[in-house]
Amino acid sequence: MDQHEFNRRFFLKGLAGITGAAMAGYVPGLSAAEAEELRCWFSGIAKVGAKDFSAMAAHAGVELAVTTKSARADEAIQKMVVGDGNKLFDALTDNGGGMEDALASQKAIVPLDVSQIPNWNNILPMYNEGGLSADTVRYDGKIYAVPYISNADSMAYDYKALGFHPDSWGVMFDSQFKGYVALQNDFGPTLTNMACYLKGSGQVEIENVGDMKPDEVKAVCQFLIKYKKKGQFRTFWDGFQNGVSLLASGEVLMSSCWEPVALVANKKTGDKREILYGTMKEGHQLWNNVVMLSKGGRKRGADALFYKLANVYLSTWFGANTLKSYGFAPQMTGVNEYMDANPDEFDGNTRKVLQQRLADKNARYAVKGNAWQNVFPTHLRAYQDWWARLQAA
Amino acid sequence: MAVSHAKHGQPLMGGSRNITASPDRWRWLTGEDGLQKWVFYIPALFMVFFFIIPLALTMVWSVFERTRFWMEPGFTLFAYETFFTSARAENYLFSMIHSAWAVAISFVIGFPIAVFVRRRIPQIAQHRVILLFILPFMISELVRVFALRPVLGRHGLINNLLIQLGIIDEPISVILFTPVGVVIGDVLSFLPFMVFAGFLAMEAVQKYVFEVCDDLGASALRTFRDVIIPLAAPGIFAGGVFIFVNSLGGALVPTILGGPGAVNAGMIVNQAIVAVDFPLAMAISTIMIATMILLLYIGHRVFDLTKILEPIQ
Amino acid sequence: MLDEHGNVWSYRAKWAYLLFVVFVLLLPVFYIIYISFNEHGFGAAIYEFTVDWYRVVLGDKMLVASLEWTLYLAVGAVASAVPLGLLAAKFCKRSHNKVPFVTLMLMPLFVPADIMGSSLLVFFKNLSKFFEWFSDSLGVTWFYGWFDLGFLTALIGQIIYTLPYAFIVILITMSRYRVQQTEAARSCGATGWQAFWHVEFPQIRAGVFSACAFVTILSFNEATRTALLKGGFDTFTNVLVSEMLNIGMSGESYAMAGIMSVTPMVVIGGILTYTLVRSDRLARVARAKAEPIMST
């Protein structure tokens, strides 16, 4: 059954609601014992292999009914905690390192039994207890989320225009590039990256880049305000297409952005420009995206289906393909071996490119000054307020 | 149309409200004193139930205390204090100024078109011509505004044209990623509202009015200023309001065409919500409503807004 | 040209200005259609003409389904908001103290989309709970699920959004209607409904249709409230927003947008051309009848 059929049911349900039919609240075909399909609220980047989720469904052996989701932090909270999202969705994706804590604390999602996910044994070591990213999938010691992509946010640049490979965030503040620099319009990633730079270059004392204190936030923002007033930044961008268009059109020469933005921008420019993704010596913001099971999903008996899908997300097929199509980092070991074993999917050239990409990622991960994304820092208000001041400056 | 209803034994003339063609048994439904009277209250009831009550909720929330991911009942003006002390108030005021510019420019560009269509184009074709202005809306605003980037950018259509014509040497960067870019985006997005509203209002202006003005020897400017504008005031007011609120509350244009940190009221609210600071978002919304009431009050005092909504005599 | 005292060149100049403004407004639309024929999509340096995107777009189930939902919502919004706006406008005309009512009707304009969506979200949840409690106390399941997130909730959000526009548009059109005509009709024996339908409506018909067009357009373009209040479906605008934010708008989306704009362009352009040609011919015929010798 495809999305279309799924939608019809909800339309009829809505109509029935208007007319007050007795069984209106109950979608026929689903019982508490076991669900037939998994109702997903997923971002568009949670799929590989096809334009829609059909390849994912085929690999998992699960019927998927997917509704799109944006990346906004509040959307999940609003729908799942405040609204009736638990009635609508069995599974959802969002940022690890914050959202799973928020949703779990508000009892919108449920803990997982990873023994039901065979591929969990191949997960990257950093997700195991005590690992670097163990907290990003756990709340209160229990596992609540399955990671499917992660990455280190860095700077994209036009190599043809610059003539060199920047290795420091400081290049963005060089006066010769005034008006040709863009930053991400999101206080989380931007302030974290800038904090990595200021701490790494010794300009500001910061204890924990991932969770700054108010006066540390103030120092970072005042630095940015100084350069904003000088006209250093062309704009702050938001939205994938926006980011791509800035780089591809040559409107800016450098931009802090996600890796897929750089990859797609490079594809679009042909020979005019060469957009590459750098490795910054002061550090990067690390983040991941996770998939979670909702409380409503468990009530409806969607566990088995969820675990099957989660298993695909941790499979080397998914990892290799997400590396190829979007450029995100796979969450499991064994990706290189998978690529070698599937030459028809990954020809020699592609394999070389992807292996280099993976190697670059590992280089970024290895930088000492990295910091994990924190969706809800302790002093969130300070981040917000200083960001507003930066905007007003 | 049935006009005589002698079968009820009532006189034909007399203007009695009880003359009705409907049989007695349906009178409770369709008669003037029946349910029909209450039908007119439906819009107000709908608004009260689905708008005022949720909105009252909004105002109550704006004084709640914020917790990490939601909020808890309480009373604090902290959200309002934050708004006024953290530069958000400045952002809000600046965005109002930009919106006002968008309204003014839209009026200058769009209203003459409405006058022209009403005056010079054959009656039968007028509405169809106005339909031309609906065409841009068939595509989502998101896609339309985004398409302005390759036009206004440094390597975009306008700059390339100007450089090719030799008018400028270096690309001009002021038309994009600046308040100018935002105003341009707002005008292009919402200009049709002004044309529609102006046209609808111009329907109140009869053809003979123009002829009378000509005969009396009034100049075009005088006709415009003293006759057309007062008569078309409802439409101008409506168009102005539409553009002002859309420009103030729509986060789309500043996001795509605005410079570093460009915000408007809608974006400030957006950002507060994204940071899960609901009391602050609700506080900004309450302030926006207060702004509206203030503006309407000032407008009422200066222009007497009820006159605007009164039928033209 | 109707005004014999006018200047031909001034008339032509004004027409040119009108067409120029329409052209500038449509530039983004033309550009999107241009992009929809590009193999490499938006923002690419290379342009390779292809009709492939159009070929696959109607087979793209997700896009077609989302378009269907957009249409359902638009039809629902028009069917609800326009009659409500009409009733509200009539109510406004009757009442003596107009200002409070008008303020009430205009207020939704000033509430940002996010806020409206958020408050309605909570409101619906509480309403659902109340209805469930009410149902239980009556011992029936009749009231269950009325305000679950779904089509109805999204529709209500859209009505709140579009009703002020419909209201104002109809109110403006009504401002030139003389109430004495209704009184005259009533005193001739017509019912309220007959007086409205046969006397008043033909005169405000243009305004009502404008309101319909307005509401349709607003509904098509609305994304935020719908995103928050809808159930397990997507509208076309939701798809566009999600793509724009996460993965970039696909070639199919541009093709769909192209179809959505070319169709009305062709229809409206055709109607307009036909109307102008016909009116010109009618004017000439009328002049010929009036002054047989001078008219040619």
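So that you can tell them apart, the chains are marked A, B and C in the order they are listed, and the count of residues begins at 1 in each.
In this section, contacts are C-beta pairs under 8 Å (C-beta built on N, C-alpha and C of every residue); 3 or more make two chains touch, one makes a residue touch a chain.
None of these values were measured; they are calculated from a predicted model.
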item	value
Of A-C and A-B, whichever chain pair has more C-beta contact pairs	A-C
Remotest chain, chain C as reference, centres from CA atoms	A
Approximate Å spacing (C-alpha centroids) for the pair chain B, chain C	14
Rounded Å distance, chain A centre to chain B centre (Cα mean)	37
Touching two or more other chains - residues of chain C	42-43, 118, 122, 241, 244, 249
Where chain B touches two or more other chains, by residue	146, 150, 273
Of all residues in chain A, the ones touching two or more other chains	78, 82, 238-239, 241-242, 245, 249
Partner chain B, residues of chain C touching it in the complex	1-3, 5-6, 11, 14-15, 17-18, 21-22, 24-29, 31-32, 35, 42-43, 84-85, 87-88, 90-94, 98-99, 101-116, 118-120, 122-123, 156, 159-160, 163, 165, 167-169, 171-179, 183, 186-194, 198, 206-207, 209-210, 213-214, 217, 220-221, 223, 236-237, 240-241, 244, 249, 254, 257, 260-261, 263-265, 268, 271-272, 275-276, 278-280, 282-283
List of chain B residues in touch with chain A within their complex	66, 68-70, 82, 86-88, 90-91, 94, 146, 149-150, 153-156, 173, 176-177, 255-256, 258-263, 268, 271-277
Chain B partner contacts - residues on chain A that touch it in the complex	72-74, 77-78, 81-82, 102, 105-106, 179, 183, 185, 187, 228, 233-236, 238-239, 241-242, 245, 249-251, 376, 380-381, 383-385, 387-393
Residue ranges of chain A touching chain C (in the complex, touch as defined)	2-4, 6-7, 10-11, 13-15, 17-18, 20, 22-26, 39, 43-45, 51-52, 65, 67-71, 75, 78-79, 82-85, 87-89, 238-242, 244-245, 248-249, 260, 264-265, 267-273, 326
Contact set on chain C toward chain A in their complex	40-46, 60-62, 64-65, 68-69, 72, 118, 121-122, 124-125, 128, 140-152, 227-228, 231-234, 238-239, 241-250, 252
